[in-house]
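Below you'll find the structures, each written out as structure tokens.
Next, two complexes with chain A in common: one pairs it with chain B, the other with chain C.
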Partner chain A sequence: MSTVHERPHDIALAASGTKPPLTQRPGLLSQHLGTALVGAIIGYAIGHWLGNTISSHYPYIANSGQNAIADTLGLMLGVVGWLLGIGALNYPLAKLVGRQPSSEVEIQGWSKYFRYSTNHKTVGLQYVVGVLLFMFTGGLLAMAIRTELLSPTTHVFSPDTYIKIVSEHGTVMMMMATSIVVGPLGNYLVPLMIGSRRMAFPRIEAFSFWIFVAGYMVIFSAMPFGGFPTGWTGYAPLQTQAGPGMVSYLFGFAVIGLGMMAAGFNIAVTIINYRAPGMTWSRVPIFVWSILATAALLTLATPTLFAAGVFGLLDRTVQTAFYVTEHGGSSYLWENLFWFFGHPEVYIMALPGFGIAGEILPVFTRKPLFAYKVGAAGMIGVSLLSFFVWQHHLFQSGINPDMRPLFMLTTELISIPTGFIYLVGMGTMYKAKIRFDLPMLFVMALYFNFLIGGVTGVFLSDVPVNVTVHGGFFVLSHFHYTIMGGLLFAFMAGLYYWLPKMTGRMMNRRIGLWHFWTMFIFFNLTFFPMFIIGLLGQPRRVFTYAKNLQGLNDFSSISAFVLGFSFLIFFFNLVWSLYINPVKAPDNPWDSLGLEWQTATPVPAHNFDRIPVVLADPYHYSEVNAPAVADLGPSSPPDEPSLSGAPV
Partner chain B sequence: MKTIQDQGYTSTPEEAEFELRAHIGSIWSGGRLFIGMYTFLLASLVFAYFYLRSANNGLLWRPDHITAPTHYGWAVFLATVATGIMAVTGQRRLRGGALIDWQVAGWTALTTSVIALILQIWELSSLPFYPGSSGYASTFIGFSVFNIMTLVITSFWLETALARSHRLGRERGRNALLSTDADAQSWRANVSAMTYFVGFAALSGAFLFAMFYQL
Partner chain C sequence: MNETHHLRRMTIAWVIVSVVADVLFWFFVGPHVPPGRMTDMATSNQFDFNILFVIALPVLIGVWIYLGYTIVVWSAKRGGPEPVGGEAARTNRTAQVAWITITSVVVLFLAGFGTVELIVNNGSGGGEGPNPVWSPAGATKAEAAALAGTGTWSPNSGQVLPVQVIGQQWKFTYRYPTFGGFETSQLVLPTNTTIAFNVTSLDVTHSFWAYQLGVKADANPLINDVAYTATTQQGQFVVRCSELCGIWHGAMYNYGRVVSQQAFAAWAQRTEAANAANTKLLPAFAWTYTPDANGAAGGYYPDGKVTPYSSAEVYGAKQPAS
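And then the complex of A and B:
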């Protein structure tokens, strides 16, 4: 491993007498994942001990068999220890004595991925691995669920364990794997796409990643505490009655909420301020629009989740009664707060997916993006409207019946901008000579799946239908079609498309095709039967079902196992293409006009030698006399624009 | 501010100027976005307050119109507003080039903010109700937690801005802070963003004070 001192700019640093920050010094005697883990363990032990010392004699704790104060303090100081260990608190503490930020140098070699890095490309790759890890664990839990549902009479798990597995699966998938999908691609690509050399707040960016990893551990710490039985939605009053695992859930939500706010905040500010000269709003790539809309939702909707988590923790620790109806609180308060965040959250997941698709489509159809402005407006429209629909989750519980038509209307309204975004894709593909490369196949699958997910959503917004199918497998299938069928397929498309730029290696096409077809076919075979199962009356979160549904359930389970296997093919492809049989990626393997493809591969630390001057949007494919997209500075021939929109 | 030279490449003067503008713009828009974010956080508390108040489950919203100790409430309220006024006045004087005035106003604001913080914590030890005894009691505890958070952020921001002003002043001379030097511009943008937040904290503090002590 080469050290920081071997790089030219570090030599300059060394000459100026400035030491690299502790997070970026070589060797074990610095700050990295190891010290973070040690910090977390020590912090947890101190917090738990402190909590016990303070409160074990309190009457409501003494004989209860659980001490939520000790558990909460343990987790809280555990997270503080983690942040101290990784180096996240170095700068805030140094600020107290008026220090300037330390230099943004970065150690070289693989060990940088285990450190508090302020380079957006390192953070992007950290996020890729993080999100894949979250998905993998959530996926294993899904396999456990489908194993249990193989038979209504022979059981692998107790009903109690089953609901805890379902809850962890839902929480990890929703809160960790998909809600932060802006993390990997957004952090890596946004600066490159807008022609910037950096993020606005690199330390906040790094914080968002590392606090997320802490959130992952907190959510999983529920398992040794006995899990939580509420599903990912954590509804009270079950929340109030549940055991100590609930503390991990509530605290985990607050921690993850911090990460989401930090991520959204930094990305939004970067897009607003760091666009290269000439990158006007009408030239901003559609992916960046989607990330901006998502970042707005992350920053504005997540504080409610944070507040809801804090209220829940207060109920459990200092015995307030926010969610306890008998004491002047209300269980519906949680439901409102949760869904006020929860519905925008759905678009936090959906919008980046459509942004990825919008970026990939023109490249593989060699056509300009159809109705670009409508697409961008649709994304902003969706993010605004998403704040006004949350009550449709409460059609069955907690809503004043007179309010139902209003929220039915707002929900149906939101399908209009969503429809626009969809039509942008259809219009781009219309009459195109499509290149069926892997990213394109995944994008086409997204449109197929999302059509099914979206249309069933329109049905569900209708109160009478909702009343009939609520709480069953129909709803379950609907949201798997939108989130997994939509976002996850888009994410895969994005990975196949951009990994060559991020890693400098091409993904193997043949293995990729195996991955695609198994994932696409078996996704549909897993989830389509669930619509029928739902209409036939199978409820969610129950470990058994009517005997006559076994055939369909078995079919779905076996398909799910193959679907799970398709992810192993993807992981195999990653290992194969990156390590076993690496094929160097050209700078621009897909002949894209996007700014991110005009840099060298691997991308230099500073992204661009000269800050580019943007001259047009990047979608002028196959146009005669297409305008140049950007002037990249002296490295391109002086009077010849650097990028031509003419067919490449 | 660390410049991009740290990353091992050089910028043309135009690029350096462009990045400085972007940096200052980020502090400006980041400050406003942070206020937006915080508004949604406080709005969740306000929603909880009015939701439970209108539900009045088991007639337990606020039995006997019980109220948290008003003298503490007034003291915290006045200290928070004083912090806001000091920060805003200091910022005005700084714009007029009076750095020392800003520093004096800043230290005063920090003192009042810390006093508010201590009182807000201390009040919890003398509440006339049990946290879970009513809807009001619960939301009041929520308010206290959020207010403590706001005051910690305010104090931290004030202290770090002051500490930086002293350090930069020592290292480069007082006037450097009023110059067009990149670090000075960055510091002034930070002070401006902080002033907005402190002003916002004072306004929202006044609103919440009215909700919990007067309504």
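And then the complex of A and C:
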């Protein structure tokens, strides 16, 4: 086989003698994380100066010494500088001025993880580190919240600092959770699972990661600006009244939104168009179905968030009044736009978790996935219905009382397709022979936790009961049970399951068991009392509460500290298993039939020597005369066109 | 072991545990479930919660028993027969149809039940906005009379009592339009009376949560959010803000009292008289009041000299009239 065949798209050019462009070689012009940071700083400085220059007569935001236009332009040009610095704009800019862009070449060695890479596996691993960093910072903020809530009368933080910590925690976690599976596992695994060598739009894929990081920095820039007091929901008019940190929130959501749209668009197109021959819709792995449903939601729901954020910025900068009731706008507009995105977002976070569970179950039960078609249909059903439920967040807001029965109905209807995941799971476990390895343990925990999250969701959707539980710790506990108890446990299952393929190293089982049991037990001990705390009348986002609730709050806080510690065990396991005491992973340690496991470990740059011909779905476990999943044998040269249009 | 044995065992365990759990819950926990029974709304909200819980418990117990059974009986460590793959393990029409039918029936029942409860209970204590679609008898008339300044309320008259709730950073105050429109930070209500809460805000969005009354309604500036409840027991209740409204959101709470009708009438007349001088300075009673940039400085009523709130202006500075 020629070199060309091993290295599809642009990589082929370098291999056949073309030198990488200067920006991707070591040297002064090399582009990487460092140049991106420099670009961001320069961009911010220019934007801030420009803002102050063109709007010097505008009033400053009260008590801040800041000007909203300068802040917005600073962040905006900062992000542009970041993208220029990392090299994300090299290709489009070259095209713009009519030059033939130099092709991206995959740098070898560890430094590729700090560069703009169009290799989906590199992007996947970049995302792993990115979301873990995001999660870790959000988790530290959660520890701060629980510390404050140890006592209703003795305060660790001022109310001002506390509400900003709460807001930052919520926003960071929500932003992270939208990408926690789609980013790392979606990007890494989808091409492998559908038998493709690449994503449909590798540059958009790389863009989605680097702008995700930019969004992380933008949202954290709120802290030096003095934070924002609105929680992650950013309700107007509190939003309009807030200080300069609000600019970071609004612009941060817009930036993250761009990344979510890019990622969703790229993944949806990839799944639809880059399936290998024979990968019919009835053979597509259930994880890919979940990612497709998620990608559809990312693409269709996020523009609303983007628009909502931009409207908010316009209100703050050029004095529009989208959300200012007194000037003809409406605070309900924000609530509707935000939740029109916000509720589909809940399923952006839930669906990939279901996909991971569906993918892992057959491997560890040694049985085919039960009711595969119902499961896939359920995911599509959930993503469609999720656009018709958002006003259940506004049940007590005073808007549209006559619509409440409708939104109560749609919200409760969505529990039918959501329940399919239990049909699939319980059917698959039936009369199985289950290996309780780490991934399976996390999946079992997902089924336990998500059930509580789902059932309490029905209480919230019931308008009369909603009167008591809306806006309190009950709802807080509910969504932590679905997102953390569901998605995060699924993500952990996915990491323990797929990291051997991604890194070539097995995760340590003993440390993993410590991680699992501390996380599972103390997750429940942290959040279950919050249902009771909520029912007993504690609203969300308060720094003080009734004295009689201190016992429950303390119990929850102390459990939360141990829950936080369980993540340290996980990080320790990562370091231990990947660096300190690495154990080489076999090509297929779990005996999976999944196409992604049929490749070598580590996965070759081009994934498959030849585009595989898929012969069956990957769930033919314990079947006599089971068909092979795919024909992987080397034969004809690849038919992939070069990314840059150059002949292969 | 054949298929029917597994299913029979699980079903028997499920039925027994569910029935016991439901009965224990209904009789021992249910009567104590928040928000209690201080008003008709609280009572109906508690009833609805308990009905949902009695339906939810068997669902939870069913899945837990199944998962527990799976872990114990079908673990690879226990050995046992090899699982069987193939078409039969992939689909089971009966199981799938049964699952979808049962979940659909439960869900549709819950939606129907919730809707009936919502309508029968006149919005169930939730904020219905300025034009409630479900209201108790006499409420609309009482509200109109209150706005016109002709509303009255006296003990044993069976009249609806309109009360205005005004949220602002970071306290609730209350106006009683049937008693001259005086404003006070005390919320006192007569027992055995239907109350029409008219909730509004002078700055950001708050939420008026009268916990034991079973009432929750967002307080939005320039919007009158109406919620109803009928008091049935005397006692104290807590009012908390349940929508994040800024730094001191956590401290935005106070207490109210439900007292006898005579005691309420006496209190209202006494307070009306005591506050008469202050009430004169207040603007005429209205469902909403235009906030302005000077809210924090106290000039929040539409006196014709202030401009509406503007986002970018410095707080505390007067602006020219628009």
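We adopt the following convention: the second predicted complex is superposed on the first by the 591 of 648 C-alpha atoms of A that agree within 3 Å, B and C clash if a C-alpha of one lies under 4 Å from a C-alpha of the other, contacts with A are read in each partner's own complex, and residues count from 1 in each chain.
The rule is short, and it goes like this: a residue touches a chain if its C-beta (ideal position, glycine included) is under 8 Å from a C-beta of that chain, and two chains touch if they have at least 3 such contacts.
Keep in mind it's a predicted model, so treat the numbers as computed, not measured.
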item: Chain B versus chain C as contact partner of A:V583, first or second or both or neither; value: neither
item: Superposed model, chain A: greater residue contact from chain B or chain C; value: C
item: Which of chain B and chain C A:R197 touches, first, second, both or neither; value: first
item: Partner chain in contact with A:M444 - chain B first, chain C second, else both or neither; value: second
item: Touched partner set for A:Q319, first chain B, second chain C, both or neither; value: both
item: Touching partner for A:V129 - first (chain B), second (chain C), both, neither; value: neither
item: Touching partner for A:A600 - first (chain B), second (chain C), both, neither; value: neither
item: Contacts of A:H327 with chain B and chain C, given as first, second, both or neither; value: both
item: Partner chain(s) touched by A:T304 [first = chain B, second = chain C, both, neither]; value: first
item: Interface residues of chain A shared between complexes with chain B and chain C; value: 315, 319, 321, 324-327, 332
item: Residue ranges of chain A touching chain C (in the complex, touch as defined); value: 58-62, 68, 159-160, 162-163, 229-231, 233, 235-238, 240-241, 315-316, 319, 321, 324-327, 331-332, 365-374, 395-402, 404-405, 408-409, 412-413, 415-416, 419-420, 422-423, 426-427, 429-436, 444, 447-448, 451-452, 455, 458-459, 461-468, 470-472, 535-537, 539-546, 619-624, 626
item: For the chain C and chain A complex, residues of the former touching the latter; value: 3, 6, 33-35, 41, 44-45, 48-49, 52-53, 56, 59-60, 63-64, 66-67, 70-71, 74-77, 80-86, 89-92, 95-96, 99-100, 103-104, 107-108, 110-111, 114-115, 117-119, 121, 123-130, 132-134, 199, 203-205, 207, 209, 211, 214-218, 220-226, 238, 240-251, 290-292, 308-315
item: In the complex, chain A residues that touch chain B; value: 7-10, 12-13, 92, 95-105, 196-198, 200-201, 261, 265, 268-270, 272-274, 277, 299-301, 303-304, 306-308, 310-311, 314-315, 318-322, 324-330, 332-333, 336-337, 340, 605-606, 609-611
item: Contact footprint of chain A on chain B as seen in their complex; value: 1-2, 4-9, 11-12, 15, 18-19, 22-23, 25-26, 29-30, 33-34, 36-38, 40-41, 43-45, 47-48, 51-52, 55-58, 60-62, 130-139, 141-142, 145-146, 156, 159-160, 162-168, 183
